[in-house]
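Each chain gets a letter, A, B and C, in the order it is written, and its residues are counted from 1.
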Amino acid sequence: MIDSYWESVLIFLGINTVLALSLYLPISAGQLSLGHGGFMAIGAYVSVICTTWLGWPLVAGLAGGGLAAGLAGAVVGFPALRIKGIYLIILTMGFGEIVRIFFLNFEPTGQASGIGGIKHLTTLPLVTLVAALMLLCLMRFRDARIGRALRAVQEDEVAAEAMGVDLTRVKVGAFALGALGAGIGGGLYAHHALFIDPAQFGFFRSAEIFLIVVLGGLGSYWGPVVGAAVVTLLPELLRFVQEWRMTVFGTLLILCAVLRPAGLLSGRRRAAA
Amino acid sequence: MVSHGKFARFALAVLTLSALALGVAGPASAQAKIGVLMPLSGKGASYGAHQQVAIKMFQDKGGALNLVVYDTRGENTDAINLTRKLIGSDHVVAIVGPLFSGESEVTFPVAVQGKTPIITPTSAKPGIAAANRPWAFRNALTSDKLDGALVEKWLAANPGVKKVVILVDTKDAVSKSDGGIVLPAALKDRGVTVIDSISFQTGDIDYSAQVTKAKSLNPDGLVVAALYNEGANVVRELRKQGLTQPIVAGLGIMDPRFIELAGPAAEGVMTVNDFWTDNPDPAVARWVAEYKQRSPTPPSNAAALMYDTLDIVRACVEKSGVSGKPDDLEKDRERMRDCLSRVKDYKAPVTGSTTFNADGDALRQPVVLVVRKGKFESVR
Amino acid sequence: MLLQQLVNGLMLGSTYSLIAIGYALIFGVLGLVHLAHGEVFMMGALIGLQIVLWLHAGPAVALVGALLGTAALGVLIELTAFRPIRARNGPIFAPMVSTIGVGLILQEVATKAFGGEQVGFPHRLEPVTWRLGPVTISSVQLLILGTALVLMLALHLWVTRTRMGMAMRASAESTLTARLLGISTDRVILVTFAVASALAGAAGVLVGLSFNAISPFMGIDMGVKGLAIMLLGGLGNIYGAMVGGLLLGAIEVLSVAYLASSYRDAFVFGVMILILLFRPQGLFGVGQVR
């Protein structure tokens, strides 16, 4: 039906969508995170440990990876409460790097040599399902009390708190859930690429996911989906300008920022941090 | 199907010419497609550029192979997608590449699943071909086959060395295993103690701290396990801070640019490999001379190995009765696989007599080299 | 060994300072993070190298050439990638996305022009090494430290004594007030970019001369560190950036010397995180965290 090449491209697209949706959550609570690669790494490694060493099925592995990442997210989420804007970006960036360096030195998971021989368990239907579920959750979320609390926090924190929104719960919760999503994304990635090493989850990865989310815009939860599609498919479609691919991509980014600064799907405008 | 524009046209030209010339191999086998994966942009682009020159040289010498070339950008994601494309859409009978060990790690299982032989000309990380038998092969030598001879000759030339310090790149898997496992074992086997192992990372630009530390430990000899960039910088810093001990380096530094970057500091550094540009052997010298006419920079390992790998693949295409017909695709791939696993003492044009062992790894005669007056020389 | 390591750290740190100052300048005047600043640094190194190769010139000429070249580059970036966005008054990530694009383009242009792997300055520019007791210093290291100090001093004088410099400080305090006072903010911004980029370019040449490891990707690591230093020193505070750079250089070098190098970056970030948690305005920042 779909040929093997496009299947793989679409699986990566699905994984990027999952990652982007998971980052969308904390960012829409005003927490700019450039450390999502770190949570992805935790999810990837833990899920591989579950499936390869413990012999669990993939779903259990994903759950394991997600939970581990979510826990890390909660831990990082608390200090993140007191920090805003550019400082938070750097905090999360530092966290992401520390995770990567940890795995670079951690012997049981191979250090720089990484882990190979992972079973190919990720399938296109599975990835699509996970992405769709996340999207569904976000949609329901939006109208539930928690979602509205989130939007209130996004618009004006002080007012939200005055109205009784428990800032701590909302912000830490968003951070932890975002990390959980990234962990699941990491697990899906590991079982498709069949080999992971710390280099896969460095600053570039975090920046890429961040880029996807802001490219798509914060106005709607479809933003991350559009962003993921642009960032994943464009390099493939640009193969005919193989030699200058990055230049074209970079120029497109600049154009996007100039012409649609609030993202491709701009809805509401974010107040400056 | 998107082939790299230039190569599609070139391959077509070669195809037409060979069909017209009523070549030795039946015109049908010229239709069998061979996939090539290399980084033409992004990480490793300069290695890719070298390999492109080698490919062109190969085709100009009448190597009638129908090549489908894709750019992996040095990225694992692209490598995976493109391998699937080569197998599923382009219907190649074999794949040459990819360049990096990380890429090989992710593409080899895909090739195994797609039952297509894949042979990397350059990946030196231990164990990757072995884990993906029978379809994966590796034409590059790994440190475990080379370091014994290297350490032997180094200690023979420097008998006073009893304790050493190892400076190792822990971010590069090949250097890490070389400096962390293989070299120390070879040294210990010959009664040399490793006082300490000091680490740095690929891409570092400042090594003053590591070298100062090494200096304070007062070793008799220094061991460097790194790629050519970092290795050159380390060696320069060592000499700059006044250390005069003899230096032995793992195969990762093997590249003409090592000498260029390290300058006078490279003098006396000993290492090991199967290809070096100043090899006086007439066949190699001719090849290097011709390469230099086509490219401003001297050839690296990547170019030499690409050339030889293409040659081995061509030999297999011709000899194993690959038909190139779409119905025979599965059979053709098996024929290629079997032919490659039977390669024994094959006279590769640049790197010499090659054999593939049961792990799919190449076996060749290693040559221990030392830098003298700005050039690599073999050590007797 | 400690003394030598401190010297190493000082040398490394002075190049970090030059880059961090650039970040601080741009953040101070514009309130935004220029994520391609590391790439401007890289271009400085490459421009310097080209000048040396084409004109067979010495390091001084390379330095001046790189200063001018990157200043021009900085102006170009401001005009094409930032000014149009400012006009639209979008959210803060828009300029960040734009700078990522700029960074990608610069990396690719550099790769095409100079090859993807490292190149080095010709060896006739090899430094002379001197031994002062237990410490070894090379002429290039002194050059770096000296140049960095001179540039920082020059910047300080410029910012406090000249009209344009003071206009820059005014704009950093409050764009609105500055405009009310008749300062052409557009012109100030252009000058800011030029100066910041020139400093980065100078740092690039100095690093290239000293470590001989110029590649299109050398800017990434430096860029991240420069950001961290700006944070350490207090956002937008150029004196904080100066001291912060030296401090970070020392921390890095000492952590390599006494811990394992593979933890070096983790250590650096760990320190940064601690500072963020306990003194978020940085070592020299004053007042509230924005």
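As a working rule, a residue touches a chain if its C-beta (ideal position, glycine included) is under 8 Å from a C-beta of that chain, and two chains touch if they have at least 3 such contacts.
This is a predicted model, so every value here is computed, not measured.
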item: Chain pair, B-C or A-C, that carries the greater number of C-beta contacts; value: A-C
item: Most remote chain, CA-based centroid, reference being subunit A; value: B
item: Subunit B and subunit C: spacing of chain centres that average the CA atoms, whole Å; value: 37
item: Rounded Å distance between subunit A and subunit C, as computed from the means of their C-alpha atoms; value: 30
item: Where subunit B touches two or more other chains at once, by residue number; value: 41-42, 170-171
item: In subunit C, residues with contacts to at least two other chains; value: 108, 260, 262
item: Shared interface positions of subunit A, touching two or more other chains; value: 104-105, 243, 245-246
item: Touching residues (chain side subunit A, partner subunit B) in the complex; value: 3-5, 7-9, 12, 104-105, 111-114, 116-117, 120, 192-195, 197, 199-200, 235-236, 239-240, 242-243, 245-246
item: Subunit C to subunit B touching residues, read off their complex; value: 1, 4-5, 8-9, 11-12, 108, 111, 115-120, 123, 126-127, 129, 131, 136, 138, 207, 211-213, 215, 217-218, 221, 252-254, 256-257, 260-262, 264
item: Residues of subunit B that touch subunit A when the two form their complex; value: 2, 4-5, 40-42, 71, 73, 76-78, 80-82, 84-85, 87-89, 102, 105-106, 109-110, 113-114, 125, 128, 131, 170-173, 176-177
item: Subunit A-facing residues of subunit C, complex; value: 27, 33, 80-81, 84-85, 88, 90-98, 100-105, 107-109, 112, 220, 224, 227-228, 231, 235, 260, 262-263, 265-266, 269-270, 272-273, 276-277, 280, 289-290
item: Footprint of subunit C on subunit A - complex, ascending; value: 32, 79, 82-87, 89-91, 93-95, 97-98, 101-102, 104-105, 203, 207, 211, 214-215, 218, 243-247, 249-254, 256-258, 261-262, 269-270, 272-273
